[in-house]
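The structure follows.
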Amino acid sequence: MIMLKVESVTKRFGGLVALRNVSMSVNKNEIFGIIGPNGSGKTTLFNVISGVLRPDEGKVIFEDKDITHMRPSDRVKLGIARTFQTIRVFPYMPVYWNVMVTASSVYSDSRIAKARVSWALIITGLLGEAGELAGKLTPYKLKMLEFARCLVANPKLIMLDEPFAGLSPEEIERLISIILKLRENGLTFIIIEHKLKYLMRIADRIMALSLGEKVAEGKPDEVARHPKVIEAYIGVT
Amino acid sequence: MEFTLIKFIFIFGVLHSFIYLSFALGFSLVFGVAKIPYLSYAGLYTLSAYLMHLLLTKAGIPTIISAISSIGAIGGLSIVIGDYIVKPSMKNPLSIFISTMTVSYIVEEVFRIKMGLTPVALPALRGVITIAGVPVAQQWIAVLIIGAVSSFLVLIYLSKTATGKSIRAVAESWYESMIIGINPYKVFRVTMLIAGLLAGVASISLSPLKAVVPSMGWSPLFVSFAIVILGGMGSIKGTVVASFIYGFVEQFVTWKYGGAFASIVPLALIVLVLIFRPTGLFGEKE
Amino acid sequence: MFRQKTVADKVRENLLGIIVLLILALLPMRANDFLLDTLVRTYIFVILAVTLDFFSGTTGYLNLGHSFIFGLSAYLTGILYVYLKIPTEIAILGAGLLGTFGSLALLLPSLRVRGVYFAILSLLYPIIFIGIVTTQPFSLYLGGEGGLRIKQLFLDIARKLPPTERLAFLHNAYYYLSFILMVASFIVLYKLAYNEFGFKLRSIGQDEELSEAAGVNTTNMKIKGFLLSAVFASYAGALYAGMRPPITVDFVNTGSILLPTLTAMIVGGAGTIIGPAIAAFLLTLLYQYLWGLVGLWRTVAYMIILLAFVLIRPQGIFFDIYLRIRRLVDKVIG
């Protein structure tokens, strides 16, 4: 079953074309990877899917619903969650409230919201820091906080933007096991990553972007060997 | 609309537009370089007029020298404000807002206490000339020339000189201009100086025609803000075009409907632009 | 996980506040009229500070036109009385409501753009308002410089009392009305600010884009937060118009209304609600005291205080002081 469909999306910034005619579809329960050199449009694509940006052309369809012009907060309520490349949290609010802000926006019953927050904090191991100001957390815990914010709303699709950046190998392994466990429980993932070694292990399919265009899509090892992909990476180094 | 009305609107539109342009350019430059609305502009405008008045009457200094000293002092004060008030709080936009705004209020309050609310008169060029049957005070010609010349000088400065071009570079991106070797802080100070000088010049040339009262600075500030929003943030071309649009619209409303309605013009314009085209005429998407 | 809080718990938690409220509530029995008068002004400023902080201190949308809200309902009170012949008491109730929605004019144009625009736009409103009210043809209908004259609140009731009791009645009535409005606005806004509603507002202030991405409908929240702030500020304005006619442009004057309120918000600690409340209280009293010290220059002194705090200690001090006192009190009570 197709969870998300991106149809011929083009996005321009002034004279720059950040995304050109990009199409992709993600199946339910899939781990879909997106790779590409810096500036290839990966985060822009995330922004279009999550609603931070509107495409100049094309459509975004989530579970058969056209969400192209829906505001981000409504997409969250539909079940789309995302993290940011530069970890973003609300630095001057306690960890508890960082997650509660999302929960109370999605659940009208505050008891459910509180229960969901407790659950999210437990899974991500942040229960002990619930009262700490988010700005004081370590990078790994910050990522966990972003994760908790995503999870608390009971998402169907989670989009992670370079989740492994800045983490030690052990931390990456921990994160991977969490992702895989969540996938077992029915979640779908789209992951942008540079650390190809780890992405290859967990992704079902990968799409490669270069200069705003899709240059390859398919199983991880196919894409890794694709001449255009190699060219895109080597060409830019 | 009768022909006389059109003549009035056109002539006063031109007269106002050039001086508004020179003033709005200062505001626009600071907005571009420091990314903040220069709320102290109102205070500088007011201070300039009162300073000249004091130099003239209390110190008996001749008109031209008072004018030049006053303008220079305001330019210097602008740099000081930039260094001690704007720069320290640059990471916190709210703080800059409040602090720069407070400077203007302090100026207004000090002069309200010391000089009272009675308007003060600055010397004007005497005499009235007629242009196409419309009586125009000679001072207006001075305003026109001063406005046009200062605008022209600033525009040339921005496009032809090295510092001028670095101002535009810093307005685009502090980071990138640092990479190519420009010192954005130096550019910042120059920008503040220019803005201060322009405020002083506009104030001294216009004040003889309008009342010098403690609250006089806010109107020019809002006019510049309306012009910059209409023209589009960060666009010099936009500021130029918008100044003329603004000047003519304002004079149209003034001569056809009266002063009370004219005071709504800046607000109405800003609201309309924000609702229908937030980036302004030539602004970049932000 | 937590046991339910008993009444005794609640009393202990809020002991400090309860004591202060009791003292203030019983004050009219011992205080002279001048003190009551000063306190009325103080309470109005506390309302202004708390309402400004509730919206601007959390979302970062600096409402520099807060005095517009105050003055709008003041003038609406006058208009309802003069032109619709509605008695002052009812005019106040109506004007408060109308003014709340009228003040949305401040917020709506800037909903599509960044908060910076809102601040500058809001700065414009009071000035334009004053410009309109003081110029022909509007000045003829709105009282111009002299102001709109209305029948003072409760004046007819006071006239039914023996002459010696009239003034005391009015002073007490005004005192309790403003006191109740202040307590009501403080309690409502304080509770909201430290709950889900308030934290959503704060998330907008800390990172609006993230807030939206985190599921908060920022447009919705901004409107709701603004309306809550506006309703109490509006009623404060309408009430003040009823208590202190004539209604003049002083009600909208940014210098005399917005700046002291802004000072209280900054010096008290933006976003804390209670910091600005304390600050407004103390600073308004300080303002009176400054008169004896520096006369007319007290307004400039006030502005310099604001400037100094914004440059040197933008997080304010009164909230920190309050926290320390709280901890001490909690330790003593046990």
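Every chain is named by a letter (A, B and C) in the order it is written, and numbering of its residues begins at 1.
Keep in mind that, in the parts below, a residue touches a chain if its C-beta (ideal position, glycine included) is under 8 Å from a C-beta of that chain, and two chains touch if they have at least 3 such contacts.
Everything quoted here is computed from the prediction, not taken from an experiment.
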Among the chains, which one keeps its Cα centre farthest from the Cα centre of chain A? B
Going by C-alpha centres, which chain is most central here? C
In whole angstrom, what separates the CA-based centres of chain A and chain C? 43
When the centre of a chain is set as the mean of its C-alpha atoms, what distance in Å lies between chain B and chain C? 33
Taking each chain's centre as the mean position of its Cα atoms, how many Å separate chain A from chain B? 47
Residue numbers on chain C that touch chain A, as the complex places them: 196, 199-200, 202-203, 206-207, 209-219
If you look only at chain A, which of its residues touch chain C in the complex? 50-52, 71-74, 76-77, 82, 84, 88-93, 97, 100-102, 104-106, 110, 113, 149, 153
Touching residues (chain side chain B, partner chain C) in the complex: 37, 39, 84-85, 88-89, 92-95, 97-99, 101-103, 105-106, 108-110, 113, 218, 222, 225, 229, 258-260, 263-264, 266-267, 270-271, 274-275, 278, 286
Can you name the residues of chain C that touch chain B in the complex? 60, 62, 64, 109-110, 112-114, 116-117, 119-121, 123-125, 127-128, 131-132, 135-138, 254-255, 259, 262, 266, 296-297, 299-300, 303-304, 306-307, 310-311, 314
